[in-house]
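Chain IDs A, B, C and D follow the sequence of writing; residue 1 opens each chain.
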Amino acid sequence: MADARAGAGTVTGPMVRAWIEKSAEVLAENRKYLTELDSPIGDSDHGNNMDRGYKAVVEKLPEGDDIGAMLKSVAMSLISKVGGAAGPLYGTMFLDGSKPLIGKTVVSGEELAQFFADAINGVKKRGRSDVGMKTMLDALAPASDAFRAEFAKDGDMPASLKAAAAAAKQGMEATIPMQAQRGRASYLGERSIGHQDPGATSSYLILQAFSDAVEEAAK
Amino acid sequence: MKKLINNAEDVTVEQLKGFGLACDDIDVHFDPNFVNVAGGVKDRVAIVSGGGSGHEPLHGGYVGLGMLDAACPGQVFTSPTPDQMFEAGKTVNGGRGILQIVKNYTGDVLNFQMAADMLRDEGIEVRNVIIDDDVALKDSLYTAGRRGLGTTVIAEKVCGAAAREGYDLDKLAALCKKVNIYGKSMGMALTSCTTPQNGTPSFDLPEDEMEIGIGIHGEPGTKRDKIKSADEVTAILAGRILEDEAYTRNLSEWDPAKGDWVDVEVTDITFQKGDEVIAIVNGMGGTPLSELYTVYAKLAELTAQHGVKIVRNLVGNYITSLEMAGVSITLVKTDEEILRLYDAPVKTPALRWGI
Amino acid sequence: MKKLINNAEDVTVEQLKGFGLACDDIDVHFDPNFVNVAGGVKDRVAIVSGGGSGHEPLHGGYVGLGMLDAACPGQVFTSPTPDQMFEAGKTVNGGRGILQIVKNYTGDVLNFQMAADMLRDEGIEVRNVIIDDDVALKDSLYTAGRRGLGTTVIAEKVCGAAAREGYDLDKLAALCKKVNIYGKSMGMALTSCTTPQNGTPSFDLPEDEMEIGIGIHGEPGTKRDKIKSADEVTAILAGRILEDEAYTRNLSEWDPAKGDWVDVEVTDITFQKGDEVIAIVNGMGGTPLSELYTVYAKLAELTAQHGVKIVRNLVGNYITSLEMAGVSITLVKTDEEILRLYDAPVKTPALRWGI
Amino acid sequence: MADARAGAGTVTGPMVRAWIEKSAEVLAENRKYLTELDSPIGDSDHGNNMDRGYKAVVEKLPEGDDIGAMLKSVAMSLISKVGGAAGPLYGTMFLDGSKPLIGKTVVSGEELAQFFADAINGVKKRGRSDVGMKTMLDALAPASDAFRAEFAKDGDMPASLKAAAAAAKQGMEATIPMQAQRGRASYLGERSIGHQDPGATSSYLILQAFSDAVEEAAK
């Protein structure tokens, strides 16, 4: 079923820019919340790190509609401003995901699915981690799966991103009962159980921002 | 929040500024932030380390003759970013390669790896050696592995002396790995601590409780317990260190032949009767020096009971968590090489002898 | 109470025990408690100091080559008793007399005087020199006079080097008095502290307040104020020190001719443009080292504005009040003699260079 | 008017021993109180110091009825066990007071008045202090005066010591509005006003113990 609106089923440069800017807003709003999540099972800095990082991201974001260039710039800013575990992990995520998109000003659903897959593989490799270890991957991986499945249905980009964000939220909540196996939370052993992973939470927030930005643009 | 700071958002910069003014032999750089020995390095391996701020004197306080050539401080309790190590490495590179000493925290490991890759792209040979000496953590398969604690200080001292002696990069990396498998640490906290950015304590610890098995990032430990006497606390920490079984794990290192990062299986020593060790009784930042001597008294008794002899000791604040009250104990087995290099002259803001 | 102690009633003994075990070159004695350089002193003036415990590394941490020959620790925050200085003095007496460096607290002054009288009865020549450098206190007529703060550390260092150079007792006492009138200090507290015996903080300090003009005994200061930034705090302390007017008071000293204690009028210097100083930015025990560098940055700026040049500095915990958070600043004017002696080799647990 | 009881108007060796032992008891009971008084205007150790000192005093007290020897022993124990300001001051007090009493097993009212005078002069000289400076002298001096005045009336020792203790209590309370001029409290300047001096309080307690001990013996 083809969509009536022009370019539906795709993500455009301005949408990606809107996503990035919305992510920065949302992370600033949730700075304290993310840091609080990082307190019982981490070192109380995740919100500070992500907010600092995304502030730099927005500041250094290049002009133009090159989606790959924008996402690569996000990666470089995060790598050079976040530090900690999240910096290189999110940095690698955007860097590995951005590579096939350099020069593109419009991205199809298939390309976006590949972006998610590349991004997640980057995190897994860099972090020697996988789903179920109570990390950002527990939000990212189900979101990627949900996106692919929803988009396969009828190519509805806003709906697919909405499904991705919803899956990320579920995945984020699913980290609560998990015992951490990577990152600082793993030092706590069984005491890590019962707390929501801060990285999974920031991942959900970023994906929700993506969905919101595209939905708004599609209106 | 009760702190002597001006700008909670970036205390690191104002602190580095004062550090630079106070230390004649050290240059301080901003954006990216790093400190290095004035005059740089000529014709020998350079040694770079770093990590989150808030652990002072680690690492900046160990920059100087016979120890580190550069240190990269991240935000408080947040590992530094690759551009810091990249610029620091380029600044101190003396043409014979760079040894990066990295404490085993996911953030540190990843950021130093990225920096190593960047430096290698500039034609500089780099080896990263990971320090993971925290016996509070038992397994590495289901955790991020043992954290880097006090052995880091000894590794920096010993490798710094070896670099001055002219060790090449391979030999120096091998020495650093030896110090790591020779060293074991464990820490505990009586109080939490407050990062300037957050303004409230990282965790709550009731008046009658303590955390056992902490790292250095103001995080809770592996276990919470009722407060005990200094002797009992020392017995817990020293007992775990002295009785720690051979610990085997994979550590990532650069394979110059393969041109890639590879996993190498590494196994720690266990302490044996007759071993001679360097002991650190380390304050977490807010514990009076005098209390550390009470811990030392018991530690000396316990090591003697195990037939282990303390031949050198450091008692004081060497690797801290802001104003946290607590203590960590480190024992590093020595041999002729390690002891000779440990005793060699050192002139840094925090460690100095023989010169 | 969160402390690494075993027996709150007499922590000093357990702490001294560990101190003795950790320090090869230092002998520890109990009942009465004192520590001294192993091997004693031959054919030169010996230097003894002491005071309440809880100020570590002061004074025991400054015992060693080129600094103190013995230190007498009292109970926590309570000056030692005369029998301690009596035994310490007899132990380190090298036949050329003893200089006792005494911080100006009623208890210290009186107990050291009694000890001097007792030693003199044994035929040992003794001079007591009082350090009273705390500019927070303005007058001496209606108070017990200015307290002894950070200048004590510099006096111990400089006099220790002079004793090694062979200064006789009169010359050494004169030097010590010079250092005292050349030195000015002032401190502040962000938090109170808890003595082991009491188990609760010495005073209450709300989350948004600080005490200005404190001593080193966990006591409140001369003034309570709202918490300010590090720069503002530094400006208050440094301002008072740099602008302190010539302070005149009577200090008690032994007159060998008269064979009695006499009052001698003494006047401090005031800092002048062109003065060169040794600066201490001293942590009160619970303040992270990193914050002291923020204070140092501002101090360097302010001294420069006054035309005063910092030629040497110490940044760290040198004279503390248990786990109190806070800082004190000390500036000691130097001349050729003081700087030469300050730079001379020193090998003590807490201060070491040149050897 | 002569008293009917044997030896009334005098203080005997056993009474002095009872005084010393009672002082130790009372100081142990008031340890916390004295330390608390030393907290707002001092360094929170006066009760600890006095209790530690008097425990040693009792332990080392010589046998026999020699009043001077007992008081000298009190002095030496305090000097070697109390430390701080109170150690040498109370030590000097007992030392200077004891000198004329060496060898005596009974002490007359006149001799006791002299003991008080010598003791107080010792404190004044050692401490470079005087009445009105918010110190132990503000309890000791009025007590000495009251003793002399009351004893002059009819030589009633228990009544005279009672008067001394009452005057010490008044003197102690009179330190509250004073601004300290000696000891640590003087560092506080005006902030020392409104607090009772710990040393004046321990002096009162010791004098009250004297009165109580002699009254009990006289029954």
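Here is the rule we use: a contact is a pair of C-beta atoms (placed from the backbone, for glycine too) under 8 Å apart; a residue touches a chain by one contact, two chains touch by 3 or more.
Keep in mind it's a predicted model, so treat the numbers as computed, not measured.
K.L.:
Within the chain touch network, how many edges lie on the shortest path between chain A and chain C?
P.N.:
Step count on the best path from chain A to chain C: 2.
K.L.:
Would you mind checking which chain's C-alpha centre is most distant from the centre of chain C?
P.N.:
A
K.L.:
Using Cα averages as centroids, what's the distance between chain C and chain D in whole Å?
P.N.:
Computed from C-alpha means, the inter-chain centre distance equals 33 Å.
K.L.:
Measuring centre to centre with CA averages, how many angstrom lie between chain A and chain D?
P.N.:
77
K.L.:
In graph terms, nodes being chains and edges touches, is this line, ring, star, complete or other?
P.N.:
Shape of the chain contacts: a line, open at both ends.
K.L.:
For the complex, give me every residue of chain D touching chain C.
P.N.:
Within the complex, chain D touches chain C at residues 35, 39-40, 42-45, 48-49, 52, 79-89, 91, 126-127, 179-184, 186-189, 191.
K.L.:
Per the contact definition, I'd like the list of chain B residues that touch chain C in the complex.
P.N.:
Where chain B meets chain C, its residues are 2-6, 11, 14-19, 21-22, 53-54, 56-57, 61, 190-191, 207, 210, 227, 229-231, 233, 281, 285-298, 300, 313, 315, 317, 320, 322-323, 325, 327, 347, 349, 352-355.
K.L.:
Which part of chain B faces chain A closely enough to touch in the complex?
P.N.:
Interface residues on the chain B side: 32, 52, 74-83, 105-107, 110-111, 113-114, 136-137, 142-144, 147, 195, 197-198, 202-203, 213, 215, 217-220, 222.
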